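Each of the next two complexes has subunit A plus one other chain: subunit B in the first, subunit C in the second.
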Partner chain A sequence: MSVVSGRQPLLKVEGLCVDVSIQGRDYAALKDVSFTVQRAEAHGLVGESGSGKSLALRSLMGLLPSNARVSGGSAFFNGTDLFANNGRNFRKVRGTGISMVFQEPAVALNPIARVGTQITDGIAQRKGWSRKQAREYAIHMMGLVGIPSPELRVDAYPFQLSGGMRQRVMIAASVACEPELILCDEPTTALDVTVQAQVLALFDGLRAELNAGILYVTHDLAVVSELCSSISVLYAGRLVESGSAAEVLGNPREDYTRALLAATPSIDEPGQRLRSIPGTTPALRDRPADYSFAMRIADHAPDSHSILEEH
Partner chain B sequence: MTRFLVRRLGLLALVVWGVVTATFILVHATPGDPARATLGDKASESAVQALRAEWGLDQPLGVQYWHFLMDLVGGNLGTSFQYRSPIVSLLAERLPTTLLLMLMAVTFAVVISLPLATWVAVRGRGGADIGVRIFGAVVQGTPAFLTGTLLVIIFGLKLRWFPVGGYGSTTAEHLYSLVLPALTIALGIVPMLLNSLRASLTDALQSDFVAFGHSKGLRPATVLAAYAIRNGSISGVTILGIQAGALAGGALVVEKVFAIPGMGSLMLAGILGRDFPVVQATTLVFAGIVVVVYLVTDLSYALLDPRARLA
Partner chain C sequence: MSTTKLAQPASENILEMRDIRVEFSTGRGRGRRKIVALNDVSLSVPRGTIHGVVGESGSGKSTLARVLTALERSFTGTVVFNGEELPVRRTKEQRRHIQMVFQDPYSSLDPRMTIRQSLAELLRVHRIVESRDVGRRCLDLMGQVQLPARALDSYPVSMSGGQRQRVAIAKALALEPSLLVADEAVSALDVSVQAGIVNLLADLRDELGLSVLFIAHDLAVVRNLCENVAVMYHGNIVEDGDTESLFTEPRDQYTRTLLNSIPRIRY
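Entry: the complex of A and B
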């Protein structure tokens, strides 16, 4: 990555299309999605289940499930198109350039390997470290992400740690090689609220310290408003709105963004019933190619009334 | 761990007692008189009676059972009627052969199944998958005596790569002569092992922890070995354990087909010659092998999976 010009965005995704094949038929799960992530910036990719946000994230790592493939668009990381060169570019950037924090550390950590090993196996292989060197670095990294008495926990297995500790291990592993871009796939959904706040603070610190870009996928607008400076909102595989966090959250232009905001529980209005967006995003094979939020509202007209009126 | 072992060893003693008692009842309920079988049809009735008295067969069954049990506890397995020699020395001669045969069979089964299963799991659905499924079904449907005979015809008679029977006299000759018999037994285990490994490796390859391994920039071969295969092969150990009985039964048939002087052929000779002590002793040893294999299977879980160490 020597051809870095100062102005170049860290990650520039343009016209990303991902197709998912179900029983021999291709369905467009992501259509023409574009966004950029700058250095030392956290960008939020927001949407409900089924919006395609996780697929977008995985496509940037070359880790799509076997039935999904990138069918169009480009993703320039430091000026290199990740999708070019038949997928070989991914191998060069994984770990050192781009790393990923998975949603559920309970299933994303190797259940039968010690956590210390999992934090450092990537960097140890790259640098040819001895077991002892790797273990010392693992202890250092565990301390960095706020795991108390890391020297006692470095040899533990994932099942011996709490959910919050496991997610910290996952984060330590993802930043072990000091990546320039960290992809986060709803990393706080499996955690309780207090731990969630600590983990968000940790991400914010890493962003500032490593000067790293963060692409943060979530359905939780509260998290986004806390961490991210810019936002892209996805609905049913399409980008519906994007801009700075203040802009999008403060003055949403699209119905869908408004509905998402309205569905966020607020601590300032106690006693309120939880509001939800009527219906769900239909499964890929059950929705027309041009499916939009307006169509969902039309389908659920009677009960959708309240949520859109109140804003 | 100690409590677990003590309990399992107690269970082992109980199983062994059950097996020897059942065998004792069965051999004594089988028609045919060992003394008559040994001396032949032309021997006088008084000579037969004398031999029966010498072997203690004229005593009440309960008394015979008591003597048998007490001898067993003292480590005395009795004397063979046919060979006129202590059974312990017969076993010392035969047992290593059978153990070597079984060990080779397990090794072959693993060496055939693991690479095939990995290959198919990595390739996913398609020609390779279908081919391996058909291979498994065909092998599973072929009984051991037929598999053995076919292997003898192809590799022994046509290609002349391996001897068609016998055991040789040096260690190298022993190993060489055991290739076809061990392969015959192995093919009996392969289908189930292959199926189970294929399923669990496919699961492992699609898991988040394999994606996590890739996301750290580890070499694909490292992810396959340390993440996918290490997790996916635990199920194979279960299958090998369950197949211990099939392994012992296979040894019995295969030693007969290939004229291998092991425990199986000793047992068959014992049954045909009404050689009660030999039948009882060989059954006891086979049962012991199966029980020990079960124990080793349980212990190896703890070795392979840290989560099992607490149970």
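Entry: the complex of A and C
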């Protein structure tokens, strides 16, 4: 990946379609999804369970489950289409170009390898470092992500660290090769709010210092509002709305975005009854190809016998 | 026999926990260490209110719930429920009055039983109603948790997370408890679904006079639902008071840290 002109976006996803095959039939899980991530920008990809937000993220790493495939669209990273060349382009960008932070560090980390080794595995091999050099770099990276006394913890195993520390280890591992784009799959969901605040600050620092782009997948509008300057809202595999964070959260155009905001409890204006959204997103198999949020609302109108509340 | 209406309120507080202490030990030999999970904790829940408990993982929130529901039996201190001190080994009747709703609605229901079977089993084992009234009672419970009657004949696998959590609440309510312990009961749900469960708990408090101990890490939910909040840190309750003043004028340093960490929608 050589340096390409600074004008083009770091990542430009256009018309992304992902099909999931269930019992021999293909279902469209993502339909015509487009968004861009600029350098030093954090872009939020927001949606409920079943919206396809994690599939979108995984398709950019070539990590789709075996029954899912990209069936259309392009994803240009630094001017190269990741989906072209039969998936071989992924190998060039994984780690150095694009890296990923997963939701559950307890699962994503190797339980029988020391955390220092896991952080530097990729870069040490690439740079031909000695063990000593790798260890020093691991300590440096652990310090960078805010792990106290890294020189003591570099030889620890994941089980010896708390959830917050493990998540930092995973972040250190994912940024060890100084990637240009960091993909985050709800990395703070399992963390305490105090730790979450620290991790969000950490991402913000990496964005500014490494000039890295961040694509941040979450269902939490408040988290997105803290970190991201632009947002795309997904519903049932389709892009509902996208724009700057101020536009989407402050002045949403779409009913779905408004409904999500109304369901989110506010810490500063309590006492109002929350507005739950009628029904749930139907499973992929159970929804028509043109399924939309308006159809969910119509299906669960107050007079139809539903679980919802009229408020 | 309806026991939701207790003969005479024995005290103003449905629950008083006094000086609860729980210690665990970890490691072996020389590495053996004692961990104080609850350090002489006291907490009172006024009747008919929702009392929030917040704090980070490992602060002792869940241990508190386990002591309360007699899942954790090695503790010192007293649990006074409805004016009566509860022994460590409780009778079925004593257990019935305090019911728990867990975080994961996918693992807390029996996948092989329809909702009707699950509820009917509880009603029979605890002899809540006469056999001939079981069906009617099941319907009432569905109404209370705002699920359609046809949900009674479905299996958990065909339900969404929010519907399952409503079923879990219906199972707790089937035993006509006076106190519900909700341990991170809305944490695993989508925000749109979470809003419905939060509203349901508020309705149950307002309509049935149910008291709830609401353990959560989402402070925004707690602020919108609870009359009182206790903040736990490292096995201690560092601050306990009415929600409004705790959120607007926190006295404790840790409470302030916690409040400053909450992500906010700033637009």
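FYI, the second predicted complex is superposed on the first by the 296 of 311 C-alpha atoms of A that agree within 3 Å, B and C clash if a C-alpha of one lies under 4 Å from a C-alpha of the other, contacts with A are read in each partner's own complex, and residues count from 1 in each chain.
One rule holds for everything that comes next: a residue touches a chain if its C-beta (ideal position, glycine included) is under 8 Å from a C-beta of that chain, and two chains touch if they have at least 3 such contacts.
Predicted model only: the values in this text are computed from it and were never measured.
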{"item": "First (subunit B), second (subunit C), both or neither touched by A:259", "value": "second"}
{"item": "Which superposed partner A:276 touches (first subunit B, second subunit C, both, neither)", "value": "second"}
{"item": "Which superposed partner A:65 touches (first subunit B, second subunit C, both, neither)", "value": "first"}
{"item": "Partner chain(s) touched by A:205 [first = subunit B, second = subunit C, both, neither]", "value": "neither"}
{"item": "Which of subunit B and subunit C A:113 touches, first, second, both or neither", "value": "first"}
{"item": "Comparing the two partners subunit B and subunit C, which touches a greater set of residues in subunit A", "value": "C"}
{"item": "First, second, both or neither for A:87, with subunit B first and subunit C second", "value": "neither"}
{"item": "Partner chain(s) touched by A:15 [first = subunit B, second = subunit C, both, neither]", "value": "neither"}
{"item": "Partner chain in contact with A:196 - subunit B first, subunit C second, else both or neither", "value": "second"}
{"item": "Contacts of A:245 with subunit B and subunit C, given as first, second, both or neither", "value": "second"}
{"item": "Intersection of the subunit A residues that touch subunit B with those that touch subunit C", "value": "none"}
{"item": "Subunit B residues touching subunit A - in the complex, by the definition given at the top", "value": "124, 206-209, 211-219, 222, 226-227, 230-231, 304-307"}
{"item": "For the subunit A and subunit C complex, residues of the former touching the latter", "value": "48-49, 162-163, 192-197, 200, 219-223, 225-226, 245-246, 249-251, 259-261, 263-268, 270-277, 280, 305-309, 311"}
{"item": "Subunit A - residues contacting subunit B, complex", "value": "58, 61-63, 65-66, 91, 93-96, 99-100, 102-104, 107-113, 118, 121-122, 125-126, 157, 159, 170, 173-174, 176-177"}
{"item": "Contact set on subunit C toward subunit A in their complex", "value": "56-58, 146-148, 150-151, 160-163, 166, 190-196, 198-199, 202, 217-221, 223-224, 243, 247, 257-258, 260-267"}
